[in-house]
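Next up: some structures, all given as structure tokens.
You will see subunit A twice below: alongside subunit B first, and alongside subunit C after that.
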Partner chain A sequence: MKTVLKIALGIIAALGGFLDIGDIVFNTQAGALFRYDLLWAVVLGTLGIAVYAEMCGRVAAVTGRPVFDVIRMRLGFGLGLAALIASTAVNLLTVAAELGGLAIVLQLLFDAEFSLFVVLAAIGLVIVVALLPFGGIERLFGYCGLLMIVFVATAINQGPDWGAVAQGFVPSLSSSTLYLYFVVGVFAAALMPYEVHFYSSGAVEEHWDESSLKENRLNAIIGYALGGVLACSLVVVSGYLFHPVGVDPSDLGTAALPAQNAYGETGLLLALGGIMFCVGGAAVDSSFSASYNLAQFLGWEWGRYRGPKKAPRFTASWLVFLFLAMLVVLSGINPVEITEYSVVFAVVALPMTYLPVLMIAGDRSFMGDHANGPISRTLGWTYFALILVLALAALPLLLATNGGGG
Partner chain B sequence: VQCRRRRPGVAATAVALGVFLILLSGCGDLSRDELTRGVESIAALAAQGQLVANGVARDATKSTYARVMAKTLGGETEHEAEKLADAEPSPEVRRERNAAVQVATELADLFSELQTFPGDEHHGALVEKHMGEVGAQAEALVERLGGDAG
Partner chain C sequence: MNREPLSVAHRLLDEQILDSEGRRCGRVDDIELRGNPPRITALLVGEGLYPRRLPARLRGLARRLAGPERWGANALRIPWEEVDEIGASVVLRGKAEELGLGAADNPERWLVRRLPWN
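What follows is the complex of A and B.
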């Protein structure tokens, strides 16, 4: 019974923590621009992150090695360093975007200077991380992120043309560069590298071993699949409300409008609360990931469970990343723009994250009986091929569409 | 050594060419397409503003949310108006450019009113209605620009 409850709670935390500012921005914009046409890309991205998260969790549980440890081991120092620099740059942009998103939501709720909320948000995150253990941090943001279910309720309440919604799950391509840009954005937002860095390091933080493999599989498959439902609901509510009237949701606050439209002030508050916990959780995850990567690459003691005294450089680097992200947001760059760039640049860094994972997860000398089976292997390599194509297409599409501006 | 000596010259030429291209791209007349995109942005902002104002009119929002959204969207509208006003229009779209600036200015005023009265249902309803009218004007302008081109 205790195990079932533990697994259920893990799934709920994975579901609540699935969305971040990248998902919220890209999925809402995708719905506004292309109605339900990009739902298939959300499903494709969700399946991809489930496949790779399961692999990363399995590798961490069986070998005790998190992703960046594996990257260094498989790619060697030179390429490993390149991967570290690329992922650190992307992580820093991501932390800045999430922190900025958190400040935007606080401003929408309490209306004061944006810069004040940026500083308060950073201080709030430091306090939460200082007071709560690793599992507590995950549960706080994961459970409260479930407020995003208001978007599923909104989608049902709106009563869209379900036939058209179903049609959106059928993959389709277009010659429009803007459409292709959003295919890349929606897909990449679901597969941000920090998510697997955090997931696998979290497995080590929680002392997973081979007995945790079932929990890992259920968290990754069911938790992320349900998270995908939340992501799809963002596309649907936006496609229903914004697409017909031509709204361009370039502000994070606009994402909450459908919930307000359906349920009034209560809906608005639930939506803003959900967004706040999602981006707050992602700010912690991405900043932790930046520190995990650095510490694992350089061989430092790392882990929230060790505390600042036993892992001082890890703790200090986390604070530095958060501080640098705060400076980026305070420089005045729009957090939504930072989000778009972080997601697109993340696509370029994706192959260096996922190839070593795929190689080690399939290596029987490391993984023994827990190496990739035929399904994981096929899915893993198929997704890797897709990631390579998108990595090549991402920057040209970013330039051709003027950063999604058309 | 020769190569090293040549590099500053090459770099300077590249920089000069880059600056020239940047200046060139920013110096042309405001084309019909650019103007259409600008007016479309104004129409989209009006539609978004209408949804925010609708929340105020129905007492279905939080006043801080309505105020911050009105301020943000109003700022974007003013920026759009300034961009259009600063640009030098090509002669055949001068009249439409002036109309677009007027529509954007009117919309910015409505956002300003919403920002001042984010909890007043009566004002919310009025602003929502006027934003609908301004949005319709912007859309008519887009159609006119498209029609004239054809």
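What follows is the complex of A and C.
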């Protein structure tokens, strides 16, 4: 029993940062616009991140190499540098989006000036990182992010037409560019690249070795299944409440309203709390990822476990990334808009992250017996092909739909 | 070191370098070959070498941004004899400071060393 609990807690900690502002924005809007029709895209994206996270975690456990270590090894300096620049730009936009989201939630909870909360949110994250060790940071955001379960409860409480919900899991395409834009958005929001950057670097931070492979597999299967349920519940509650009345949930606060509708003020507070910890965790994950990538590509010492004294360049770059993201939010661009750009540009940068991972994970000279088996290989390359198609479609769709504005 | 054949481009170039104490202190940015038949005589490390790793069209621009290669400063030569092991990373026999590697991670240079999360 004790080990089961320990495993469960580990899985939940690893789940922190999976649901982020991208999922909340895209899934809520997808529900409002297309009711339950896009649930299949959520499942497709969640399965994709599970496949790649498992692979990245396995590579990190067996070889001690996180993602950008692998990218430099397989793409070389020139192409690797292009991947680094693209990923850093996307990660920076993501940090800005999460920070903005955090500030919006704080503003809804304690009514005051938005820009004040942006600065307070950034300072708060620095304090959390300063006070807690790596595992503690993961646990704080992972456990508290579970407040999002209020959306699952809300979905059940609403009692939607479950037949219609089930129909949503059957993939369907339509010629509407707005629909296709949301297919890409919902899929990509689940597959944000910072998640695997962070997850694989975290494996090194926590000294994973081959004995951690079981934990890695459980994180991928059970953790992401739970994450997928939470992500689907966002679509369902929004589809139930907003779709019939044609509400456009263009700000983050609207995403929490279904919980208020079901459970009153308590529901609202739980939902806002859940969003706050998810988005806060994602802000930490994505800002760490930006510094992990830079340090790993250039061969610097890195890691929260090393501390600023042993890894000063890593620490300084983290503070710089956080500061730059803060400036982006303070520039006055709507965080929801930043979110949409970060998700769409992430799709474009995804292939460069995933190709080297696939190459190393399948390479027996590195991985020995833990190289990709037939299942991982088939799923990995199928998803890679899918990601390539979406990467080509993402920007035209963004332009054609005017950023999802229709 | 074991004597099994090793693909240089596959397992050596761009690899992470660790010193004898496990400190990460750079990557194999280039490899020096000498003699006939050519033998690896040194690993070359440092940001001054980055421009030569870029495609020819970008090299001029990168050189102008990064400045020239200055041996002993932004481009270091690690003699092959210093290499202890090539496994998951390239492990050196000596400490990073003695070889001049990872000097930019010297805490004395950085204010962040005083941050409380050490």
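Criterion: the second predicted complex is superposed on the first by the 396 of 406 C-alpha atoms of A that agree within 3 Å, B and C clash if a C-alpha of one lies under 4 Å from a C-alpha of the other, contacts with A are read in each partner's own complex, and residues count from 1 in each chain.
In the analysis below, a contact is a pair of C-beta atoms (placed from the backbone, for glycine too) under 8 Å apart; a residue touches a chain by one contact, two chains touch by 3 or more.
Note that the coordinates shown come from a computational prediction; the quantities given were computed from them, not determined experimentally.
Undergrad: Do subunit B and subunit C fit side by side on subunit A in the superposed arrangement, or is it a clash?
TA: Fit.
Undergrad: Does subunit B (first) or subunit C (second) touch A:319, or do both, or does neither?
TA: After superposition on chain A, A:319 lies in contact with subunit C alone.
Undergrad: Any idea whether subunit B or subunit C touches more of subunit A?
TA: C
Undergrad: Touch test for A:109: subunit B only (first), subunit C only (second), both, or neither?
TA: first
Undergrad: Under the stated touch criterion, which partner chain does A:73 make contact with: subunit B (first), subunit C (second), both, or neither?
TA: It touches subunit C, and subunit B stays clear.
Undergrad: Check the residue A:311 against both partner chains and state whether it touches subunit B (first), subunit C (second), both, or neither.
TA: So A:311 only meets subunit C here.
Undergrad: Which partner does A:247 contact after superposing on A: first (subunit B), second (subunit C), both, neither?
TA: first
Undergrad: Kindly classify A:403 by the partners it touches after superposition: subunit B alone (first), subunit C alone (second), both, or neither?
TA: Neither partner.
Undergrad: Using the superposed model, measure off the angle between the directions from the CA centre of subunit A to subunit B and to subunit C, in steps of 10°.
TA: 130
Undergrad: Based on the superposed arrangement, let me know which partner A:272 touches: subunit B (first), subunit C (second), both, or neither?
TA: In the superposed model, A:272 contacts subunit B only, not subunit C.
Undergrad: Taking the superposition as given, does A:257 touch the first partner, subunit B, the second, subunit C, both, or neither?
TA: The first partner, subunit B, only.
Undergrad: For the combined overlay, can you note the least CA distance between subunit B and subunit C, rounded to whole Å?
TA: 18
Undergrad: Provide the residue numbers of subunit B that touch subunit A in the complex, in ascending order.
TA: Interface residues on the subunit B side: 37, 40-41, 43-44, 47-48, 50-52, 54-55, 58-62, 64-65, 67-69, 72-73, 76.
Undergrad: Which residues, counting only subunit A, touch subunit C once they are in their complex?
TA: Interface residues on subunit A, with respect to subunit C: 63-65, 69, 72-73, 76-78, 80-81, 129-131, 296, 298-302, 304, 307-313, 315-316, 319, 365.
Undergrad: Which of the residues in subunit C come into contact with subunit A in the complex?
TA: Going by the criterion above, the answer is residues 10-11, 13-17, 23-27, 29, 45, 47, 50, 53-55, 58, 88-89, 102, 104-107, 109-110, 112-118.
Undergrad: Where on subunit A is subunit B touching in the complex?
TA: For this pair, the touching residues of subunit A are 107-111, 241, 245-251, 253-254, 256-257, 260-261, 264-265, 268-269, 272, 406.
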